[in-house]
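Two complexes, one shared chain (chain A), two partners (chain B, chain C).
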Partner chain A sequence: MSALSGPAQTGGVQPPTAMGLILSIVLIVVALALAFFLVQMVGVIALVGIIIGGVLIAFGVHFVPVGGAPAAMGQAPGIATGVAMLAAGAGLAGLFGGAWAAPFGLAVALAGGTIGGGLLMAITCTMVNVIYIFGMGIPAASGKVAKDPITGDTFPEYKSQGTEGHGLPFISWVGGVIGGALGGLGGTLIYLELLDVYQAQLPVILDVTVEQIAPVAISLAGIFAVGMFLMNAVLAAYNITGTIEGPHDPKFKRFPRAVIAAAAASAVAGIFAIALLELVGVF
Partner chain B sequence: MEEIVFGIGITALAGALATVAGAAEDTESDIGSQGDPNSQVQLAPQMGYIHRIFNKAVAGEPPAYGLWVALGAGLAWAFMAMQINPILAIVLGSALAVFVQGVYATTAYLGRTASLAKFGQPVYIDILKSMTTVTMAHAFVAIFTTVAMCHLMIAALGHPFPLPLMGLVWGIALGAAGSATGNPFYGKERQYQEQKFGAGVPISASGNIVRYAEAGQRNSLDNGFFSAKLGGPASGICFGLIVFFELWRTVVFEELNIWGPIIVGIVVILVFAIIDRYIEVWARKNFGPYTAPEAPEEASS
Partner chain C sequence: MSVKVEVGAGGIPHNQILIYGLVGSLVLIYLTYLNTVTNTQYFAFFGGLAAVAALIWGTDTIKHLCSYGLGTGVPSAGMIALGSGIIAAIFGATTGIFAPIVTVIIAAIIGAVAGLMANHVVRMDIPVMIVSLIELAIVGAMTVLGLTAMACGTFEFLGMITGTVVILGFAVEAYGASVIGGSIIAVIFMLGAIAIQHSFNACLGPGEQQDRTLMLAAECGFLSMITVAIISFAFIGLLAALVSLLVSIVGWIYTYTKYIELAKRDAYAWLDAQPIMEPKGGA
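Entry: the complex of A and B
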């Protein structure tokens, strides 16, 4: 029999430890206090936005079906690339859309970022199946579940001998789009929060108009958003360890640990981004 | 109205540039074995299969292309600030970025292959001489088209990002699209050409990549020739569609309503969901369940 009938797969779920939890909460509280001390209430609001953005990214990465090297040989289901990399591609495409729509307000920009990330994943996942089916003649089969939770398709009989499955079942496609959308939303939220902070601070410090400072503010916010995106995506990738099929994979249940880690990491990185100008001013 | 027509023209041009970029990117990475199939190229000598495949992977495709395109875009941006004509600036920036790619490919091949010395894998200097320039040529096409596309988005469509940041964003997206679409075709269909068609490669066959060509030993130029037939163009279509739809929904529908691009984006995602589901069902019906080979025999090279 296949591995499907083996012992219940726990996916190596390890709940967050009490020590980790306390340390994360302390870090977040310290970062929030610093934000209030250095940039007042605006800083606290921006940091909360950044933490939410980071959490969304780390949570979203768990949805993305990534098969890594085994997927490139049709040995495991998913997309044949790295977890952090694929999520970054989708999230940054979302950031591109969100930044473009920024002048229309927070809601439109966030929706633009969400759809941008989802669109990249929708097209990529569809093309992955096109290559598997029309280039390699391989139908999709999951190795972790016997039945697709959405369509009800059964997989064991389609799975090639000696592999863990292959291709992208529909549930993985949906997971990919949700992951890309969450990544795009998180990345755009971080960008918009930082842009607000820089556009408020820079004109005062340099004594120029908001229009004159726009290119510098956009560049700074953009590069920090990209950096924080990669940081959270890599944290989530460490949590996943290797490959994941999507929301139906037992490994998906590991997400609480990544979410807490992402919140703490975003708070610490965020305080440097928000208080950048104050820190520069000190020297 | 005129502005929309102009925008659609730029969108089409950017989509076409992205298509070329995707195709060149995947072919470049397949010649250099940079994507995930690289694991097999690295594994083969350890399993006793000495080969003449180029091997330049140090980073995954997305960060590597993020670096090269951001570098090309940054240099082009600096040249433009020096009042150099944009087309010339983009060509110069891309050419300089390609030299970095060449250095990276050379050191990666030497380092990775030298690490396999204890398994008897030689460093072939002729491989280094003939393959590096070919990957550089493909990388130039990919970087130039992506930087040109980014410049169009800023200069003609008014995106607020500066060129180097835009290069980083689309470079990473280019690598993500190219590696996702192109890798399985190179990994399964080319490196494991001797395995059964229409089935995944059994894990027990790992490392047993095809090492001989029609005449003599196979090298990475043969692999580039193969993946340029389907993996490359499919990656190009993937990246082209991403760029086209991303721009098209904004350029055309933003004038009607600020929520227009978002609604159109959702519709496009749903259309792709239907296409994906249709081909998935089509494959299940036409290919049928997996049937084990009647007399399973050990694959030999």
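Entry: the complex of A and C
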């Protein structure tokens, strides 16, 4: 194939095109209007929650130190897997935490989701460093900055020649935990908003009690939250194009693009999720 | 991950596979409607075959898209496909007899938004991005709808959320004992995701051959079908589920032997190594 060179890698960050910006604003407005038209104010609040959740996910992904295949060989800093896998792990762990805490109210559930996602990333990052340092014998050294912004440790004297850095510096660890927490928070928010919508609508449509329909409502909200989580995480991954070290990486400054994209994508996916039960029994 | 992705040239043109995949999966999924027409459940396996047809098409699309070097690894494309697809599939399922067609339309809308966001806001600037994400969303949606129809014998929403449990010899309707209420949909999501992201990820590189990659895609599809056929024992009649299981196993054995043949054809050399035998009576 002739196009193996990949996307155009010009210097700096390319801003979104005017068409893209206008389109995303139009999509969000149309989705909000549709939500109001179909499910009234409850729908608008749910959709706003979903959009905020999507934005949190896309923003959170930028904090996670993703190393990819080079990291597995100790040639780049970060966790040795792709963005989508890491984000899915953190987000789903958060979602489980939040879904478990859902009966205790919004605040506790959101906190549960945040802690779940953050905890998974904290464990992952710690074990990654244990393997790097004690298993592979490589010290943590960032390739993008000379000094750790938090601890003040210097990196250049530890960085091996020909690599972009290696291991997982403390700033990346902190970034991973923040990213996991944000992802867990966003995923839980989407889940809770959808659960509210389904628990209100399903008993009316099927003429049953809330308790009877709970498995269906929980399952639908959960699977839609997973679906939207992966959409937003992959859009953020496309924004990062591969590897990122954490919040100190120059690529981190690209996040506004992913935030806009995630908001529009979540709005469109969210409107279908909210309006899911409008057509039941029509055909 | 900045690993260069190499794909082989030649083979069947992509547009031809697109048409076969789309029409094939639509026709096959409509064949499960014979269950409703004849009031049996023996035709559930057509849903799985629809998923296999969609997966073959999706693998070729991923090959097309990933040859541009996304930088995020091949699995991310499978994740966004199923993430956007599952929303479209469940929304489409609520429209009764029109479910497969509505699913395709909704998936195309969600995929188009994701593609436009990826190209115009995140600025991937990949020419085939929008078309590919539309195709992948449809593939993901058809895979989920097909496998779900295989598990519960119908592609209609009410059939997916209602099941029966036998208590003291009486059949009682229970929402928890259904494909969605029992969260089997999450298993189907992952079975589809693994099937779609594995084949090209396994076959890419120098000497990649289209027929071998697509044969592996079919093999992964049948492997997922076997699992869904086992799941379907819980939801459809014993004989109908046995028919599904038989079709899946026969399909899997056929595609697996074909794949091994093709792998032998493309390999430089092939050594049929025997396991090392322990000498009798000890060494």
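The rule we apply is simple: the second predicted complex is superposed on the first by the 267 of 283 C-alpha atoms of A that agree within 3 Å, B and C clash if a C-alpha of one lies under 4 Å from a C-alpha of the other, contacts with A are read in each partner's own complex, and residues count from 1 in each chain.
Convention: contacts are C-beta pairs under 8 Å (C-beta built on N, C-alpha and C of every residue); 3 or more make two chains touch, one makes a residue touch a chain.
None of the values given here were measured: they were computed from a predicted structure.
*Asks:* Put chain B and chain C onto chain A via the superposition and say whether they clash or fit.
*Replies:* clash
*Asks:* One more residue to check, A:Ile260. First (chain B), second (chain C), both or neither?
*Replies:* Touch partner of A:Ile260: chain C, not chain B.
*Asks:* Tell me the contact category for A:Leu185 with respect to chain B and chain C: first, second, both or neither.
*Replies:* In the superposed model, A:Leu185 contacts neither chain B nor chain C.
*Asks:* Is A:Gly68 touching the first partner chain B, the second partner chain C, both, or neither of them?
*Replies:* both
*Asks:* Taking the superposition as given, does A:Gly82 touch the first partner, chain B, the second, chain C, both, or neither?
*Replies:* Both partners, chain B and chain C.
*Asks:* Considering only touches as defined above, state whether A:Val145 meets chain B (first), chain C (second), both or neither.
*Replies:* Touch partners of A:Val145: none, neither chain B nor chain C.
*Asks:* Quick check on the superposed pair: does A:Leu47 touch chain B, chain C, both, or neither? Answer first, second, both or neither.
*Replies:* neither
*Asks:* Where does A:Leu23 make contact in the superposed view: on chain B (first), on chain C (second), on both, or on neither?
*Replies:* Only chain C; A:Leu23 stays clear of chain B.
*Asks:* Based on the superposed arrangement, let me know which partner A:Val226 touches: chain B (first), chain C (second), both, or neither?
*Replies:* both
*Asks:* Quick one: classify A:Trp173 as touching chain B (first), chain C (second), both or neither.
*Replies:* First partner only, chain B.
*Asks:* Superposing on chain A puts chain B and chain C in one frame; which of 116-124, 134-142, 170-178 or 242-250 is the clashing stretch?
*Replies:* Residues of chain B that clash with chain C lie in 116-124.
*Asks:* Could you pull out which residues of chain A sit against chain B in one structure and against chain C in the other?
*Replies:* Residues 68-70, 82, 85, 88, 215, 218-219, 222-223, 226, which sit in both footprints.
*Asks:* Could you pull out which chain C residues touch chain A in their complex?
*Replies:* 1-7, 9, 67-73, 75-77, 79-80, 82-88, 90-91, 94-98, 106, 109-110, 113-114, 116-127, 157-158, 161, 175-176, 178, 180-183, 185-186, 189
*Asks:* Can you name the residues of chain B that touch chain A in the complex?
*Replies:* Residues of chain B touching chain A: 35-40, 60-63, 159-162, 165-166, 168-170, 172-173, 175-177, 179-189, 191-192, 197-206, 230-231, 234-235, 237-238, 241-242, 245-246, 250, 258-259, 261-262, 265-266, 268-269, 272-273, 275-277, 279-280, 282-284, 287, 289-290, 292.
*Asks:* Hey, which residues of chain A end up touching chain B in the complex?
*Replies:* Touch residues, chain A against chain B: 68-75, 79-82, 85-86, 88-90, 92-93, 95-97, 99-102, 104, 108, 111-112, 115-116, 118-120, 122-141, 151, 153, 157-166, 168-170, 173-174, 177, 214-215, 218-219, 222-223, 226.
*Asks:* Please give the residue numbers of chain A that touch chain C in the complex, ascending.
*Replies:* Interface residues on the chain A side: 1, 3-8, 14-17, 19-21, 23-24, 27, 68-70, 82-85, 88, 208, 212-213, 215-216, 218-220, 222-224, 226-231, 233-235, 237-243, 257-258, 260-262, 264-265, 268-269, 272-273, 275-277, 279-280, 282-283.
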